[in-house]
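Letters A, B and C name the chains as they come in the text, with residue numbers starting at 1 for each one.
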Amino acid sequence: MSTKIPRRRLIQAAGALAAAGAVPGLWATGIVPRPQEAAGRTQTQSRRLRQWAMVIDLRKCEGCVTQDKAPRCTEGCNAEHFVPEGQQWIRVFEVEEPGGGSYFMPRPCMNCENAPCLNVCPVGATFRNPEGVILVDHERCIGCRLCMAACPYGARSFNWDQPENPPGATFASYTPEYPVPHRRGTVEKCTLCAHHADIGKLPSCADACPMNAIYLGDLQEDVATNGKEVVTLSRFLSENQAFRLKEELGTKPRVWYVPGHGEDFGRHSDDTREPLAPRSWLEQETKIEVNHDHE
Amino acid sequence: MTTSSRSERLEETVFHPLRHTSRAWYVWAGFLAVVVVWGIFAYAVQLRRGLVETGMRNEVIWGFYITNFVFFIGISHAGTLISAILRVSQAEWRRPVTRMAEVITAVALMIGAIMPMVDLGRPDRIPNLILHGRLGSPVIWDLISITTYLTGSLIYLYLPMIPDLARCRDMFSGTAHRLRWKLYSVLSLGWQDTKEQRRRLERGIGVMMIVIIPVAVSVHTVVSWIFSMTMRSGWNSTIFGPYFVVGAIFSGTAGIITVMAIFRKLFHLEEYITEKQFRNLGLLLLALAAMYFYFTLSEYLTLAYKEEESEGALMRELMLGRYALAFWTFAIGGTIVPALLLALRPTRTIPGIVVASVLVNIGMWLKRFVIVVPSLGLPLMPADWAVYRPSWVEISITVAAFAGFALLFTLFAKLFPIISVWEVEEGWERETAGASPAESVPVPVPQVAGSGPRVPVMPARLATESLEVERDA
Amino acid sequence: MRRQPRLLPAFLSIAMGLAITSAGWLVSAPPAHADGNEVEKIRVEITDNGFNNDPDFTIEVAQGAVVEITFVWAQTMDLDDEHVIVLKGYGVETDKITYFNKESTLKFIADKPGSFELTCDVDCEIHDVLRRGHLKVGAGGSAGSGGGSASALTKTALSLTPSAWSVTSGPVILTASLKDAEGAGVPKAEVRFFVEADFAGTKGLREVGIADTDSTGMAQVVFQPTTEGTQRVLARFEGVGLYAESEQSVEVEAVGDLPTYSIAPASLEALRARAPFVVAAAVLAVWTAYGFAVYQAIRIVRSGSARAAETGRKG
């Protein structure tokens, strides 16, 4: 005795199997439309796109120890973005020097031109906008954290639980350039204040730094500023022996450092003062502005 | 002993669990089900409150879940090895063991594939992997590879089951178990053991056993590339692909030995799963232990000799520091001790081999942990090492994963014969007839259009699974 | 013969008188604030309370003056103390001044304008009060070296000429010509070139090049405009030695396509571009094999049902 399985069913099943196999194949060859990058918004003021970069002059950075405050760059960033508790998108590290002594190094996202995080993201939630800033699309991120494993600078953070958002945040229209409200289960990082770029403002860390140690640069116009002076970016780098972090990894970061230990503001390298712990936006009692107009 | 009584005994023994369910089974299955439900509850807690319920934090971003992922996918190499490679090489001793091995693969893959989903921060966005998948990402390679392997191993498990499913169908036809009979009827695809059908089956199995080998190799290779496509110390290694594949076959073989021993005991299969199976698999395990030891040595010696800044720090924590207990338990208890048990004749007994296999898998789980966690705890910038402490959620889900593995096995063994009866019988035919494997000896089979209860179909002598070019279309 | 002996003593006494007078005149301490242009001789006492009893002691001289500062031991306490006075910026220092070597002089030409530290360079007992001495050299005062007569700093004129007033994409060569008041070229002078910039809310001059003038007073840099439109380029000479500062600016227009910065593609791009096809081919091959195996299973069904139909018909 045998049972009759409708032929049609079997053919359907086989077809489904083949199709399931074909889809990855077709999509790889681009016949099926490839997932688009989240559209980068034009933030330019001139006809040519800017290519943002950053220079941090360590001769000026003294970890805010002479100010008796926590690092103002971190606190400024925390306040501006309502950075979830426990995260520091720009973080000040103390690096030991040969011969004793130390210097401070603020580490934002490097916005690498050969970004490991971008290479490994399975869904393209990490993308590069047309101006070279690496951003995260929190509406697409699946929270696998492979980007966090891949980043050699440890510049990314994860929302392990639902971050506390400021009241009124739900009315702020979310964009990757200004990722408020924050979502649970997604990856966060410094955005180089891409939302400031189109209104020609410095990133919050650069703005907050009392020593004007952080420069915003444009590789397209070859210019950089820290809010006080304007310099030719390429000359500033070459005349001051600027270096990049972990250059040998080939990530081609867009953040340069001018070596120093805060000597411009009287910090000696053997100064043992430690920076204070930066406060979160809650501790700073920041409130969301009604008009966060980033179009 | 006549052929019929031998095969009658085989059928009686193997199909016994299908026909009779003891109370002990219910207790066991019930216990496993409770553990699994507890694991689901733990996951529900995690879904509600977020991954903060785990012990993972901003530095050690992966922990137990990814360890389990690598472990289970590793075990899944069992099926391919035994089934496919030994089928291709026509090793006769594999016959009683192939189905168990194939089931291990299917079940381990299913459990293993769940693990990264449990680990996701936003599982509600899993469709994005299909809708917005990027072919450049190791996660997508995993998705393609594991899906392909799972499909392939399900096909590869299913095809050789068809004749046995037909037997089950005939066994249950006309009985009160109408649902089960229906299940077997559908699944056995109207198998009547005709020449045509046999030919089709051979071709299907023949194709699968070849194709499944490279697929299996690709699976654990791409799993390893999740780690070695990053630049973390301890992961940034070129040998991860082969290292993981050898490790997978190593733990897979140990898995088969353990499962084999359990079912042999429970179902009284001593006549079919003999010393021969254990000895051969045991020697294979020994060879794999040597290979895996060699790979491990290559990896760690080259790092420890040079002591580059962060690799040196990693080695110190691994071998002398926080992770030393796990590491040395794996290195000695998980590789050297089992190898000795297997190599030395006095300990190369069935119990000795089984103990070795259990030690291997404990060691391999610890090894996967020691690959995943320390490289994440190692600071990337001047900062302190990060510590990982798993939470009750992670431990519950891990235990539930193992329970789920056992439960799926238990259910399978309840519904389907755990030994591939027709293949064992085929092996006997070969033995007694003394036919060379290259010959094909079809025998017309008396058809029993059975409606009576429990009239078994006479054992069929099937065409051999040779790799000859098919003569007819 | 008796007359000669009377002249000699007279002559001698007049000479001595003159000598004593001039010696006395020479030795007398001139005021600390000198504004003459000859040799400035300044005498400073090292007392218990610092230079000339003033912890914040300051000397002012005019630029170009030849200066001699003599330090004299005048301590009453710590008689075994030692001092070495150094003038930072000019790189001159005294010998060791002790109770037994009471005087030492610094001699130099004050050609650099500015404020320079005058301190004791060794760890002496009264170090605290010898730390804050200063020498101030006023700019635009006297003329050049060698103790010559005073004249104001030479005015200079800087002219700036770009190679093209309007460029499309290429660089501009900026030529600056530095001439002194007589119209002669000023050699070996550092000229800095800037362009006006307005970036991220900050306006300023950004430096685009530095060049030293050659023997004819010409300095050149290559300037690549990076913004479109009209921009102001500035050349500046800071002034050095005798020469006064000067600057000049011109406007240059950049039209057309300026070079763009683009992220260099990954070097293995040629291989990366083909990789998806290779992967797709491999995956398709595997799934085709699966399809084949499944097809065999389908045929099992079909042949089984055909057989059953046959048997059914027969039986």
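By definition in this document, contacts are C-beta pairs under 8 Å (C-beta built on N, C-alpha and C of every residue); 3 or more make two chains touch, one makes a residue touch a chain.
Everything numeric in this text was worked out from a predicted model, so none of it was measured.
S.K.: Suppose every chain is reduced to the average of its Cα atoms; which one is closest to the average of all protein Cα atoms?
M.R.: Taking the mean of C-alpha atoms per chain, the most central one is A.
S.K.: Would you indicate which pair of chains has the most C-beta pairs in contact?
M.R.: Greatest number of C-beta pairs in contact occurs for A-B.
S.K.: Indicate the whole-number Å distance between the mean C-alpha point of chain B and the mean C-alpha point of chain C.
M.R.: Each chain's C-alpha centroid was found; their separation is 71 Å.
S.K.: What whole-Å value do you get for the distance between chain A and chain B if each is reduced to the mean of its CA atoms?
M.R.: So the centre of chain A lies 41 Å away from the centre of chain B.
S.K.: When the centre of a chain is set as the mean of its C-alpha atoms, what distance in Å lies between chain A and chain C?
M.R.: It comes to 35 Å between the two C-alpha centres.
S.K.: Any chance you could list the residues of chain A touching two or more other chains?
M.R.: 1-2, 4-5, 17, 20-21, 24, 28, in rising order.
S.K.: Residues of chain C that contact two or more other chains, please.
M.R.: 276, 279, 283, 286-287, 290, 294, 301, 304-305, 307-308
S.K.: By the touch rule stated above, which residues of chain B touch at least two different other chains?
M.R.: Counting only residues that touch two or more other chains, chain B contributes 135, 144, 148, 151, 189-192, 449.
S.K.: Where on chain A does chain C make contact in their complex?
M.R.: Per the stated touch rule, the residues are 1-2, 4-5, 7, 10-11, 13-14, 17-18, 20-22, 24-26, 28-30, 46-49, 51, 113-114, 132, 200-202, 216, 218-232, 235, 252.
S.K.: Can you tell me which positions in chain C touch chain A when the two form their complex?
M.R.: Listed in rising order, the residues are 195, 197-208, 224, 226-228, 258, 260-261, 263-264, 266, 276-277, 279-281, 283-284, 286-288, 290-291, 294-295, 298, 301-302, 304-305, 307-308.
S.K.: What residues of chain C sit close enough to touch chain B in their complex?
M.R.: Its residues touching chain B are 275-276, 279, 283, 286-287, 289-290, 292-294, 296-297, 299-301, 303-305, 307-308, 311, 315.
S.K.: What residues of chain B sit close enough to touch chain A in their complex?
M.R.: 49-52, 54, 56-59, 61-62, 116, 119-123, 125-126, 128-140, 143-144, 147-148, 151, 173, 185-186, 189-192, 226-227, 229-232, 376, 379-383, 449-451
S.K.: Under the definition above, what is the set of chain B residues touching chain C in their complex?
M.R.: Spelled out, the residues of chain B in touch with chain C are 135, 141, 144, 148, 151-152, 155, 158-159, 162, 189-192, 194, 196-197, 200-201, 203-205, 207-208, 210-211, 214-215, 447, 449.
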